[in-house]
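I've put the structures underneath this note.
Each of the next two complexes has chain A plus one other chain: chain B in the first, chain C in the second.
What follows is the complex of A and B.
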């Protein structure tokens, strides 16, 4: 019988301890180096870049190294006065993804007053469709990612009542597959990232009861490979960001202990670059702020005590979620 | 611009082009005080400085359309460039057929990019012509059979324009290339669920098909999941189909210990217990034994999960015990 598995092998010389200070230094310089080719290339997603870096810095308790005033001013500049939505960077078009990132950053800074909140609410409301789904922007792409962005954005502003929550939930449930997982649209293949979005939506809307919990949790556990890392779909390679999405989903389902946490921790630590700092998708690859956040957040879920507690639904520090008095649902076993 | 080395040699900066000298370039201004300013890529900066300028002016011209091509080539994930390009296409009344060819060429270079596929979809909607979409996505799936964007686009086209007729054949060919292709199994379900329907005959036919594939490769998560999915539509449930249970026991007898087989038999046991249909093969003791085997031998990495399940079966015993008293 063939047992071939797509996976990686962790090398003997991999990092096995958390290189916290390296990561903080990496992020502190990354965001601001305008001489960096990367900086220019990433203009179209700068707002999310700020969210990844700031959240990671918050989790390491070093966010004072980020240029707070500049960031807040930048966000104000990126709000479109007409639609109310927020764009990735000044002069770009507003989009759900970057509206969420901006609102998350302002929530961490406790500075939601820096934008026109009614404008953001208007923008999100305008993107909800009759079937409960959400567009990402005016061009009309539907995806369960955007459902999650919508409810997360509004809940952070305490304005979830502005949309039709029942319909939003119904749409997400219509994307549930025969294996208990979720995809981007009805009928699309189950995918760990989209499962995270859908479970997260149900967590915020407090409708986790609608899940096929055991089936889904088992599908998620099946994502763990012998290396300890998790993949996003069957027969795909492990990836640190998928590891986060699977772990966060399992945490909301209160079943993270079903995976081998020790091996998972080894995998995450192996994704660190001991020279440059930061985490990559797989051991030995180039690091970036996106995987760095998910590496740190993952270790936090596994209980690493030198990182602040992360909230699995929001991927933000638990202290921020507590300050906002938000209580996303976590299933009781 | 296929060979970047050669084409870059002949590249003329926008700032050096006479037909652009009426435009004042707009550098990126994001409000964050730069620490050091050094040119990262002169070409990139040049193109985007001019792109920002026309965006600010809201210029709708042929040269702007050409400029968006250069901007896309430098970064095809920039959603604002694509949005502006669509506005230009509308405003200028550009031939959308040639735009289809253009976006196809970009898809070939960046097949995993949300923006390009979305652009393609908008064009097909504008033209109301899906005739090339199956070939286009088949081509993309040939290079990467699990490309999520390509599958989404394909499902959208099939659903919107009712192109189901030859889809099962397509899925078959992918599964004979790689029987573990989860995307293809999902597509199989999509076709039956939206088109063929779940008549008894169809359900039985799908079961036979799947068992054949499992016989070929036993340790195949996708096929086992699909089998469960199909059995959702079998009135007799997961434990009531004799063909399926006999197949599993035969595999087991022949010493197959694939975790997916054992997990499936556990599910059969569970349903038998719930429906009060336990027998010599499917009962609490067997389920517990299989959980232990998985936890300690065949699927150790998920030991905690299997032990949890085992405990749950332990509880069935208690509950049943109370009931019978």
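What follows is the complex of A and C.
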């Protein structure tokens, strides 16, 4: 029996500086020399893949290397004319998750005109239930992630008034646990990713006052492990994506200084692959666009000046949020 | 050559289909690492009710079946037009593709459509998802598919074998929780399922199920001390016991072979504060009615004359004190596990919250607030509130139960000071539970 904390040890030879150009090159060529099998295996989340890559490129100020026109055309093609929702890829079914990714991408490109906005609004509205919760699609799965998708999508389109915001907030609050955290459904275990979704929902709906701030921030800070990395739940291994979910939540709570930022930065940098470029979940693992975005966004929250400022609620460049004149709530201490 | 390849792939898909349809109780599916087709035999195997697919063929099979599905089913072109494939061929392709990649929501959606069109039956869907979960125990789409199937079952009350349905579902949860520690989707699904049953089975049966799950979670928690998902589920089970009927409560105590009252009294007498004059011996306390015991523990008369349900409150304290004792034992045995310490926070939070509630108070962001009585809805004048809060707070902090709990925690933290989590626990109680000046 081991009494050691589940964690990783950072090696001496790990990267300790930000390899920005490597990451930009990695994302620019990602999907170009695509292995057909990999491509088919991940097609079900293509739209989110585009959002991760584009946002990362925007944060590095190199988004001009992305095929803008192709992306916009692809998104138009993925909107379902009947429901108004957007799918992950051509031929897949519309879903709240990919509708949000598409709207985020178009917001960064300032090209919301490429889709039928009323259709998207109709889709989101049609998925709200009496208790304020949201289905992910017509098949009826409920999750707090979908609440976040709904309010974020509508707020990016300046149409938040189309849903019952109070009920949406009430549902999210019904998923709060004694530790101040949130799960995917009422009564479900607290989980850092879902906490981010719920805090984000409250930030967009300007209801941050409803949080148990001290309990929640305490729980979030306890996610930091001796390696500096963060896990998403007790006794789990650190994973780079939690650098985003935990830190973005703490940013909205205005308590980012409660974690050891220097150690976290070391952990994030150690997750880079100095050969291929990109970031992975843990040092030495294979990199992907998902972790690459959250690595860069995490570093941005920590104040790295070679990356553009990221907005903690939307996980998009602050300049986009400013251009759209959105003001997600951040708690005052 | 291309034709040959295609023929081989089609043969493999057919072989998988044969195993799926001929083996009634398939137990598991997995991809078996075999790099090349060196034996020149079918890569589909069925050994002891387990289906295996050799890894060398996976890419080809997947690319073929995925492409056919996406093209021929007209997913890509005209969504509305009917598929060119007959439902039998369609099902074969859906099966093999989802076994390889169960994250393809679009294919799960297709299956749901087929269920609605009566081309697929619900019980076989439950079997298929179980097979998918045997390889990918964290696959949320498979759990979601089960929830959809179960939802249609339970909403229509067309179940005549409820018991077997419940047992199957819980066994799928056991399987997936066992295969993968901290399996969020599995435990979340279990919790959803129990909640869902509330509207579908009789209250007595529900109470029996609560007891069963409580006992199950105790066994599981003792064997998986670093799996917080299980501890979280345990908390759900504990809260469910709060609502047991008198009859169920007896069954409950008998099933565990535990005298809850004794556990509570034992915790009390071992932790009576020295400076407190206690005018009751353990013998006396055993004979106390619930009402007297609550009066002794909290010595407080509600300012509005609403009756407190002493029996229910007493039972809650008993359950929580039993849990505290159990947790202490586990912490003594297994060191350095955050999950158990987090569970302890829950127990203490529940106890303290109940005391606040009894005194008509609650804490919001570190501040005590007056609650209006939920029975008579009396509200105090604003000026009076601060005074009432202070005096009720004082009564609470001086009560026997509060003093005992604080003393017990202090000595436990001291006892376990070689566990770094004990220090954290103390900080948590002081700073987050607001006991800073009280312990």
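Following the convention adopted for this analysis, the second predicted complex is superposed on the first by the 325 of 333 C-alpha atoms of A that agree within 3 Å, B and C clash if a C-alpha of one lies under 4 Å from a C-alpha of the other, contacts with A are read in each partner's own complex, and residues count from 1 in each chain.
Methods note: a residue touches a chain if its C-beta (ideal position, glycine included) is under 8 Å from a C-beta of that chain, and two chains touch if they have at least 3 such contacts.
Because the structure is predicted, anything quoted here is derived from the model rather than measured.
On the shared subunit chain A, the superposed partners chain B and chain C overlap sterically.
Legend: residue contacts after superposition of the two complexes on their common chain; A:73 is shown touching chain B, with no touch to chain C. When both complexes are overlaid on chain A, the residue A:46 reaches chain B alone and has no touch with chain C.
Once the two complexes are laid over each other on the shared chain, residue contacts for A:224 go to chain B alone; chain C is not touched.
Among chain B and chain C, the chain that touches a larger number of residues in chain A is B. Using the contact criterion defined above for the overlaid structures, shared-chain residue A:213 touches chain C, although it does not reach chain B. Once the two complexes are overlaid on the shared chain, A:258 sits against chain B while remaining clear of chain C. Once both structures are laid onto chain A, the chain C stretch out of 294-302, 366-374 or 402-410 that overlaps chain B is 402-410.
Counting contacts as defined above, chain A residues 1, 3, 36-37, 40-41, 44-45, 87, 90-93, 95, 137, 139-141, 178-179, 183-185, 187-191, 218, 222, 233-236 meet chain B in one complex and chain C in the other. Residues of chain B that touch chain A in their complex: 26, 28-38, 40-41, 44-45, 48, 52, 55-56, 75, 77-80, 83, 86, 114, 118, 121-122, 146, 148, 151-152, 155-156, 159, 180-183, 186-187, 189-190, 193-194, 217-219, 221-222, 225-226, 228-229, 232, 256, 258, 263, 301-305, 308.
Residues 59, 62-63, 66-67, 70, 75-76, 79, 101, 103-106, 109, 112, 144, 147-148, 151, 182, 184, 187-188, 191-192, 195, 226-229, 232, 236, 334-339, 342, 345-346, 349-350, 353, 365-366, 424, 428, 431-432 of chain C are the ones touching chain A in the complex. Residues of chain A that touch chain C in their complex: 1, 3-6, 36-37, 40-41, 44-45, 80, 82, 87, 90-93, 95, 137, 139-141, 178-179, 183-185, 187-191, 212-215, 218, 222, 233-236.
Interface of chain A with chain B (complex): residues 1-3, 32-37, 39-41, 43-46, 67, 70-71, 73-74, 77, 87-93, 95, 137, 139-141, 177-179, 183-185, 187-191, 217-219, 221-222, 224, 226, 233-236, 255, 257-260, 263.
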